[in-house]
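Presented sequentially are two complexes of chain A, the first with chain B as partner and the second with chain C.
And now, the complex of A and B:
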């Protein structure tokens, strides 16, 4: 019953949108549905020489994938270290807390200077977006492992390495997975912003900004909807994995 | 159901009104100037009456009339004082001095490719407009509500208002020096150009050697092949028809290759905006060029300062400001003169500059001064609009948010 109920508001919003668009009659404030829908229904047609929606979505996904993987590869080991060793945590934590509140896009000018224009600086910005949620969740996941589990393993003669790989990592994995889900969501938002950096020539973020130059609001909205749909799709994917593999989290008490 | 709809519509209306009230900005002079960091937001701001007009480079001047949101009252060459801005310098080709030192023949070759493409644009304006429409919009259509216009038509309208020239003449250099004075007034020059004589300024700004040598090579009918560059060379440009020579050089590479033995051959022949091209001299690749677009000149100069790009097709004030701050670049030649325009909202009583000034004075007297958008503080458009307004007896203040 939840899904049918949930669908009512979006439909209502579409109706309100169309009525508002017709009464405002200014496509710069709100373009009509009938100018946006054809763009979404033709996702393989070129837009302003920038490529199709599908092409640009794939480009953006590739970038977010790269940045996300780098973040994952660094944040998980670091998070396990920080969660496991209080001493290591004490050394690193202050630095992490200092860097964490800086919005990824604020790094834009430096990213361009350090990694030059193109994919590398975008990956850097996406990495920053995904890094902290993954790291914090990993730390949290490791810290919240039950002492009894570790003690049982140690009593049975497990080495520290075995404890980490057989008890800590699996035990923390549901929380880490939540971190990945949140991290990917933020990375996806960051790729859109990262594509506003100079020198970009493709991607959904670039497409929306480029359409802005010519006042093509229907392309902007079509781009926004595509960004939203892809975001939801990935969130759904992460959630279904969570439900399937990590449902035990709620069971043990 | 109907009540619900009305309620939601009402909420939306309240939100919009609230937003309009809270974002009202303070204008303290006769005319307020709002900087929009490029041309992007201008059509939207105009269509939503947040500004009364704007000054922009082409083709964004023509976007207003074709979208029925504004009208062009004057093009930049006719701005007052009379004759002052006729043939005013606009975009230039600039290069980093380290590349000019390490591979001067490469810089000469880029100069030759640019000059030849400029000639082609002047000889084939409608083809030039079509190529620019392809580069900027894949020759696609722009849709504004019920109005749909082809990008080719927009560029056709814009092209005659841009003068494509390359010669770094004495008059052109003096025109550039005018911008130094304007930027000093705006307190935008604080470095090496803050206190120079005109002769010293010119020595810091220009190196016309590449232009002279490129013209000699073209005259002799033979382009000298530079030593090959191992690393890719970055070429920054603006998404404007002012940089038409670059777009034409790439899109008509086969013609230039066959006719003159110099070409910018794209790696991806099907791309509307190629981002990697080979510089071919007499059929041999001498460098791989990475073409990097930006929204505005200051971004390009930041890329030049960090050595990400070695060439820039860019407006002159950002280049002057960058040289002032020690960025190692020189201006090699012109790309275009004029090519900007002033747009006002459709229901404005202004039809030309004089009626625009009357309108601005009326609005100022009524306590509701008009707001004009310019791409950036110290941009060519900003400088010209400020000069023209002040010349017409109107004070100008930046809009305070």
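And now, the complex of A and C:
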């Protein structure tokens, strides 16, 4: 029953939108539904010379993928180290806490100065967005490992390396996965904003900003809806993997 | 395996720098293939003693010798079975049992065959693909026993392994453990706070005092033949004697 109930509000929202659009009757403020839907239904058609929705979505996804992978590759080992060794945690933690409150976009100007305009500066910003949720969840996951698991492994002859790879990492993996899901969500938000940086010429973020310059509101909204759909799709993907791989989560006995 | 514990003591230092003695002057010899129960009230340090023998804790003073060699850290010849939460919940039953052999570098086919052999011994062959959360408490402890046996240790340390089980399952597990002990001839050190369990299982019962734990008395049970009848005269007499020793402590 939850799904049918949940669908009511979005439909109402669409109706309200349409009524509002008709009464406002100004496509520069709120375009009508029937101007947006055709754009979404033709995702491979070029928009204002920037390429199609699909093309721009792929460009954005590629950037997110790159930034996300770099974040994952650094945050997981760092988080395992910080969660496992109190001494290492004491050394690194203050620095992490100092850097964490800075919004990834605040690094924009520095990113451009260091990596120049283009994909590298965007990847840097996306990396920052994904990095902290992955790191914090990894630390949390490692710290909440049951002590008995580690001791069982030790009494069975596992070296510290084996304890880390065969007990700590898999034991923390559900929490790490949550970090990846949250991190990807934030990375996806960051890419849109990063594509508003000067010098960008493609991507869904760029598309919406570019369409604004021409007052093409229906393209903006179509772009926003595409951004939302892709975000939901990936969240769903992460969750279904979670249900399949980590069905034991919360059932440790 | 012969285990000799000499003048062993353990003092814990709390976060505030306070010294809490847990064990004091423990002298104990465990004979090869012996089933020894360690019994005592809660907090008497019996788990600490087991953890020290397992190499998970270090004694403050004293030493432990295994067949004449000093013990330092976890040894492949000694396996430990914990009260609960010991199975890796992300590994299937078979993958759990195979763990020790896997970290010891045995090759895949060989270790799977060995693991299956012990899974069969505890009667869980048909559950090898299940995850631990799908099993009952008794089954999970059987898996833990199979996992410990798979590495072919000469001694098994068991820390209240049936403490979290209901009374019926517990009795069943005690009988099964007796069987396994008879078949495998391991040296077993079994910690419990149940007098009944100790008298049912042990060759000798080491009764510890309250904290700090010292050896109060070592009670031989050998004259009672296996499988033991809990209502027979000798059983009841020994049980009463042990209860007297720990009177004031738990005796469920």
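Operating definition for what follows: the second predicted complex is superposed on the first by the 252 of 253 C-alpha atoms of A that agree within 3 Å, B and C clash if a C-alpha of one lies under 4 Å from a C-alpha of the other, contacts with A are read in each partner's own complex, and residues count from 1 in each chain.
Here, a residue touches a chain if its C-beta (ideal position, glycine included) is under 8 Å from a C-beta of that chain, and two chains touch if they have at least 3 such contacts.
Since we're looking at a predicted model, the values are computed, not measured.
In the superposed model, A:151 makes contact with chain C only, not with chain B. Using the contact criterion defined above for the overlaid structures, shared-chain residue A:109 touches chain B, although it does not reach chain C.
Look at A:217: by the touch rule set out above, it reaches chain B but stays clear of chain C. In the superposed model, A:199 lies in contact with chain B only, and not with chain C. Looking at the superposition, the partner that touches the larger set of chain A residues, chain B or chain C, turns out to be B.
Listing the residues of chain C that touch chain A in their complex gives 54-56, 74, 76, 78-80, 82, 84-91, 99-100, 102-104, 131-133, 137, 140, 147-148, 151.
Here chain A touches chain B in the complex through residues 12, 15-16, 19-20, 23, 25-29, 31-32, 35, 46-50, 109, 112-113, 116-117, 198-199, 201, 209, 212-218, going by the rule given at the top. Residues of chain B that touch chain A in their complex: 4-5, 8-9, 12, 38-41, 43-44, 47-48, 60, 63, 67, 69, 134-140, 142-145, 151, 234, 236, 239, 272-273, 275, 292-295, 299-300, 302-303, 306, 308.
Taken in their complex, chain A has these residues touching chain C: 146, 148-149, 151-159, 162, 166-167, 170-171, 173, 246-248, 251-253.
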